[in-house]
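Both complexes shown next keep subunit A, but they swap its partner, so subunit B is in the first and subunit C is in the second.
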Partner chain A sequence: MSSLNKQVMAAPFKKCRDAVVKVWPLLPAMLYLVGFQIIVLVYLLALSFSSPRGNSTVPSCSSFALIMSDRRFREALFNTTLFTVAGTPLELIAGLVFAFLLYRSFILRNIIRSVFLIPLALPALVTAMMIYVLFDYPGGHVNHLLLGNYPPFPAIIGEPICWRASLLTALSLSLVGKVWRDMPISMLIILAGLNGIDPELLDAAKSMGASLRQRFFRVIVPLIIPSISVVVLLRSVEMWKEFIFPFVLAGRYRFLGTLIDFYYNETGNPHHAAAVAIIMVTCIVGTTLVLHKLLDVLKRYAAPL
Partner chain B sequence: MADVVLKSLMKRYANHVVADRLTLTINDGEFVTLLGPSGCGKTTLLRMIAGLEKVDEGEIVIGGRRYTDLPAQKRNCAMVFQSYALFPHMTVRNNIIFGLRLKKVAPIKIEQKLTWAMNMLHLKGLEERLPRQISGGQRQRVALARALVLDPDVLLLDEPLSNLDAALRETAIEELKNIHRKVGTTIIYVTHNQIEAMTMSERIALLNNGRIEQYDTPRQLYDHPATIFTAEFVGSPSMNFFKGEISIEGRTAGVRTSIGFLRLNKDRSQRIMSMEGKEVTVGIRPQNIYYVEHVAQRRYTDANIELVIELVENMGDRSLIVGKDSGGTLVRFMVTREEELLPGRTMRVFIDGRSIHLFDPLLKLNIFRRDGTI
Partner chain C sequence: MKFFCSSAQRSPMAVSKRIIWMTGILLAMLIILGPIYLLVKYSISDGPSITTGGKPIPFWPLHPTLSVYGYLFSDRHFYAVLGNSVLIALMTVACSMLLGVPAAYILGRYKIPGRRIVLLGIISVRLFPDIASVIPIVEFFIFVGAHQTYMGVILSHTLLALPYVIFIGMGAFETIPHELEDQASVMGANRFQTFYSVLVPLAVPGLAAAAIYTFLLSWDEFIFAYFLTFGRQEMFTLTLYLNGLKYAEPQNLLAATSVCLSIPVIAFSMLVQRYMIAGISSGSIK
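On to the complex of A and B.
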């Protein structure tokens, strides 16, 4: 065999070997994904598309049909959608506000930044319980404060409020807890984006006559869109999945997360629980795709003038 | 266009004084360079004029209007930054018209100005490109165009050529000179590169530790340095310095140094007659020390020294020679590249007596002031 032929034969092998060498470092991550994500998802799908018959299970869509007709599911889907739609922008705004507060250098900035990270260090359950105690009925601190029991603060209400009694206030309490606890993550992502902006860009805009508002909307926002995208996508996913805050602070109202727990632990029906979980995953994927498209449009049009 | 007057400007960062009672007047339409080593306060001074840095004390007056406390966005100063500071999310076109749109200039006028700037700075065809899609030289021209379309009273340039290679920098220097000639705007240019400063400026303010060492034309700065710092900083290779003492030989005053007696020309010799015995620092540029074969006729004032070559540095068209005299004093001078000089060879050089600078070693000032005073 001529040396040229040998080279021709060796080329595909070399290509294949190069590809393996490139992919090799990704193997642990791929194993992790397959082991802990895909297998779980496949198992979930199998569970949701089956129903018990006698001592065995048979393929069926009845779990989906049954939960769709269940008022509790519709309520949970509505509440979770509301929670996500209201909570995602709130998390973004909170992240933006705190990131801007810490963006400029000032005395004790590092200490204050550490203080702002405290919510992240607290377990979500502890945060939820703190809010529970603060807004408890009838003897929570907030009620005491509003009743005028903590002078010099004046009395604003005559009767204590049961904050967890109505959907609006219970949802608000859950949102306060969730946004407060997760704000540091949004803040750090946006702060990283802000720190990536060359200060000379802002000086240039200033010297060309841009006011603070113009510098914010025409220079800063377009340049931190990647950070905003990350915050919006991550936070919306977290909002759909939320369990602890609604469970503790809005226990009377169903959310998708708490409904899974309800079907699994209280009614003992893992097929229904799996069907709700699959719908939740579908909502997350759908929201992510829509947001991705929206952010793409924003990137294209937010740029100049 | 406007004149710029800086009155006793002070700027401190903690205990470090960046601008120390700086006073400077720049005429309407003049091209002035703030020259100095890194950290001397030239960029801070430029940023104070632009309104990007707060002034601690003193006053900035531009075109007769007090600018000291005016916010940057209300000053009619345009600045070109060292990094060019082009908005990465905007096209070349949008970068250039950004300031005009902020000022709500009529669209037809914006188009006219855009076309004018694009033509003048050879940017046609790049309108829809993003800054990352154009070269360094083009970015520099876009930054300049963005500043020029604003019709600023003062154009502030902060080392805009420092990111360009040598060839591109030369072209850019010519372009900047042409633009200044065409537009006539008052330009304040910051650089640590003396060649840029010498070739472009009408006047140079040489800064050192937040103070102005000398504010003069490039020629005066080179020929008549007012201080030892100016003499050392301006000119390449830098000046030779020797310790000396004024002494009189016959009817001529000169300086006795470690390399011998240096005779001065008649005019200056008379001026230092009364200073016999005074200690001075002698400064001689390497360009004013001649290899004997280069001078057709030696002048009476030329001093004659014998040196052993220590080092030969090839500088392209010329070579820098470092020679040592019998007393061990090192002397640097230039020869043309035709001379095949090698270390260890002994040679005789002559010093032009008209080009010797004398400085007071304590005050660090030139004792021959241009106005004739000593």
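On to the complex of A and C.
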């Protein structure tokens, strides 16, 4: 082989070697992340699509079939769906209200914004415990407040409520904790959208005779639709994933996250736990796609004139 | 208000709007600070201020006391738990920085082919629900013998923190002027020397933010610690210890532990904010 041929063949190799030399510091982190991602996917699929038989495991869909026929799974799916359907708009509304409060320029604005961000700095478990203590039965502050024990607040209930004893109240408790803690994220995203609105647009709308309500619904809302979309998408995903708040505040009522814990740690069945995890991921992907489509339609209809 | 009209008004309508807005601000402050105040109040409450026998719980303890904190800090088990949390968090910071800083350097300083795909791959780790990825990871750690070990928890926390370290670090390296690197090269420094002696010192504010963020992430992480140490109390971290106090009466111990868990997080969060601002300003050419 001539030296020219050798040089021609060696050129791509040299280029490749140079590229590796250039990026090698990136490789350990990439190997770590990609390696774990492969492990997660392979194990999740292998566990969920197999079932134990004797001393070995065999490929099977029986885990899915078994959990589908399990009342606990159906309840967990229902509870998590309800949690997501109720929690996503609540987070959006809380974010909108807090963002509108901060939108105005005023003295101490930065301090108040920092105060509004405090829930985000608290660990989720601490927030859950805080709600747990405040809504304690029978002597938590909330029960005393609703019983009218703190005048001038009127009595709303006659007997203290055991908040964790019924599905509706336990779910509400989890929602209170989740919305309280995550509100700053929604607030910041919407605030960023609000800050992007040109004040001249509002002046123009006002000078053209638009009322307060018209300016809000016809000018502001259409202009912050992208921010609203981001909040709705991100928060719905977070709602499906939630584990800590239902774990602490709604222990008796299972959600998909807490059902994974139940199957894995209490019944010792990783196959069922992995199958629930797969269904959870499918729900997240499905919800994201549906919401994406819906929000696209909304964007088209709500486009400012 | 600004979102309804951009110019300030002094009409009676504007005054009523202002009152509504101020009421809203006060109510919002109450919603945010009220529960935190009550949690702190519980932590300094004496027994009769919590167990009131049907009477309303006072908004300020009858006899404020730090005795619960005294009990907590005289408890050996609490120190063991605290030690576990600190050890795991510090080791997570070390592992994450060791892997993440060089990766952030490459992604922040070089235009490599497929950069967007690499970044998407890095962030995709955080898109997957923790509760869904914990089962495969626990099963894998059982397989390799790292289940119920500190190493297992540290490795899993590193997995969670690494994307953040890379992204925050990348931002820190991107802001450093390329001229500095060229000058170091002209003066005879090799690539490692330039990285170690020129770029890293300049990126320190941003990297410190990444390290603090990693520490906090590990400090208050619950799901992986719970699954990876399940049934091994001597390995419990502060979050697991707190979870164990859920049914303990009176709730002042629970509240005091919550406060102890939160103080470093709130304090460090403020530090991170400051470092992030410093990180941004350190990018300006001097």
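Quick note on the criterion: the second predicted complex is superposed on the first by the 251 of 305 C-alpha atoms of A that agree within 3 Å, B and C clash if a C-alpha of one lies under 4 Å from a C-alpha of the other, contacts with A are read in each partner's own complex, and residues count from 1 in each chain.
What we mean here is this: a residue touches a chain if its C-beta (ideal position, glycine included) is under 8 Å from a C-beta of that chain, and two chains touch if they have at least 3 such contacts.
Just so you know, these numbers come straight off a predicted model, no measurement behind them.
Chemist: If subunit A is used to align the two complexes, do subunit B and subunit C fit next to each other or clash?
Modeler: Partners fit side by side after overlay.
Chemist: By the touch definition at the top of the document, which applies to A:L101: first (subunit B), second (subunit C), both, or neither?
Modeler: second
Chemist: Have a look and say if subunit B or subunit C is in touch with more residues of subunit A.
Modeler: If we count touched residues of subunit A for both partners, the winner is C.
Chemist: Is A:Q214 contacted by the first partner subunit B, the second partner subunit C, both or neither?
Modeler: In the superposition, A:Q214 touches subunit B alone.
Chemist: Just checking: does A:E200 make contact with subunit B only, subunit C only, both, or neither of them? Give me first, second, both or neither.
Modeler: Both partners, subunit B and subunit C.
Chemist: Scan A:R113 for contacts with subunit B and subunit C and give back first, second, both or neither.
Modeler: In the superposition, A:R113 contacts neither subunit B nor subunit C.
Chemist: Check whether A:L223 is in contact with subunit B, with subunit C, with both or with neither, and answer first, second, both or neither.
Modeler: So A:L223 only meets subunit B here.
Chemist: Touching A:R72 in the superposition: subunit B (first), subunit C (second), both, neither?
Modeler: After superposing on A, A:R72 lies clear of both subunit B and subunit C.
Chemist: Using the touch definition from the top, say if A:Q37 reaches subunit B (first), subunit C (second), both or neither.
Modeler: Only subunit C; A:Q37 stays clear of subunit B.
Chemist: In the superposition described above, what is the shortest C-alpha distance between subunit B and subunit C in Å? Please give a whole number.
Modeler: Between subunit B and subunit C, the minimum C-alpha distance equals 5 Å.
Chemist: Once the two structures are superposed, pull the subunit A residues common to the subunit B and subunit C interfaces.
Modeler: Residues 200, 203, 206, which sit in both footprints.
Chemist: Help me check something: in the complex, which residues belonging to subunit B touch subunit A?
Modeler: Within the complex, subunit B touches subunit A at residues 47, 50-52, 72-75, 77-79, 81-83, 85, 87-91, 94, 97-99, 101-103, 146, 150, 156.
Chemist: Under the definition above, what is the set of subunit A residues touching subunit B in their complex?
Modeler: Listed in rising order, the residues of subunit A that touch subunit B are 198, 200-201, 203-211, 214, 218-219, 222-223, 303-305.
Chemist: Show which residues of subunit A lie in contact with subunit C when the two form their complex.
Modeler: Against subunit C, subunit A makes touches at 22-23, 25-26, 28-30, 32-34, 36-37, 39-44, 47, 97-98, 100-101, 103-105, 112, 115-116, 118-119, 121-126, 129-134, 136, 138-141, 144, 149-150, 180, 194, 197, 199-200, 202-203, 206, 212, 215-216, 220, 237, 240-241, 243-244, 248, 256-257, 260-261, 264-265, 270, 273-274, 277-278, 280-281, 284.
Chemist: If we count contacts the way the header does, which residues on subunit C are in touch with subunit A in the complex?
Modeler: Going through subunit C, the ones touching subunit A are 1-7, 21, 24-25, 28-29, 31-33, 35-36, 38-39, 42, 50-52, 54-57, 99-100, 102-103, 105-107, 110, 112, 118, 121-122, 124-125, 127-140, 158-159, 162-163, 166, 219-220, 222-223, 226-227, 230, 239, 242-243, 246, 251, 254-255, 258, 261-262, 265-266, 269.
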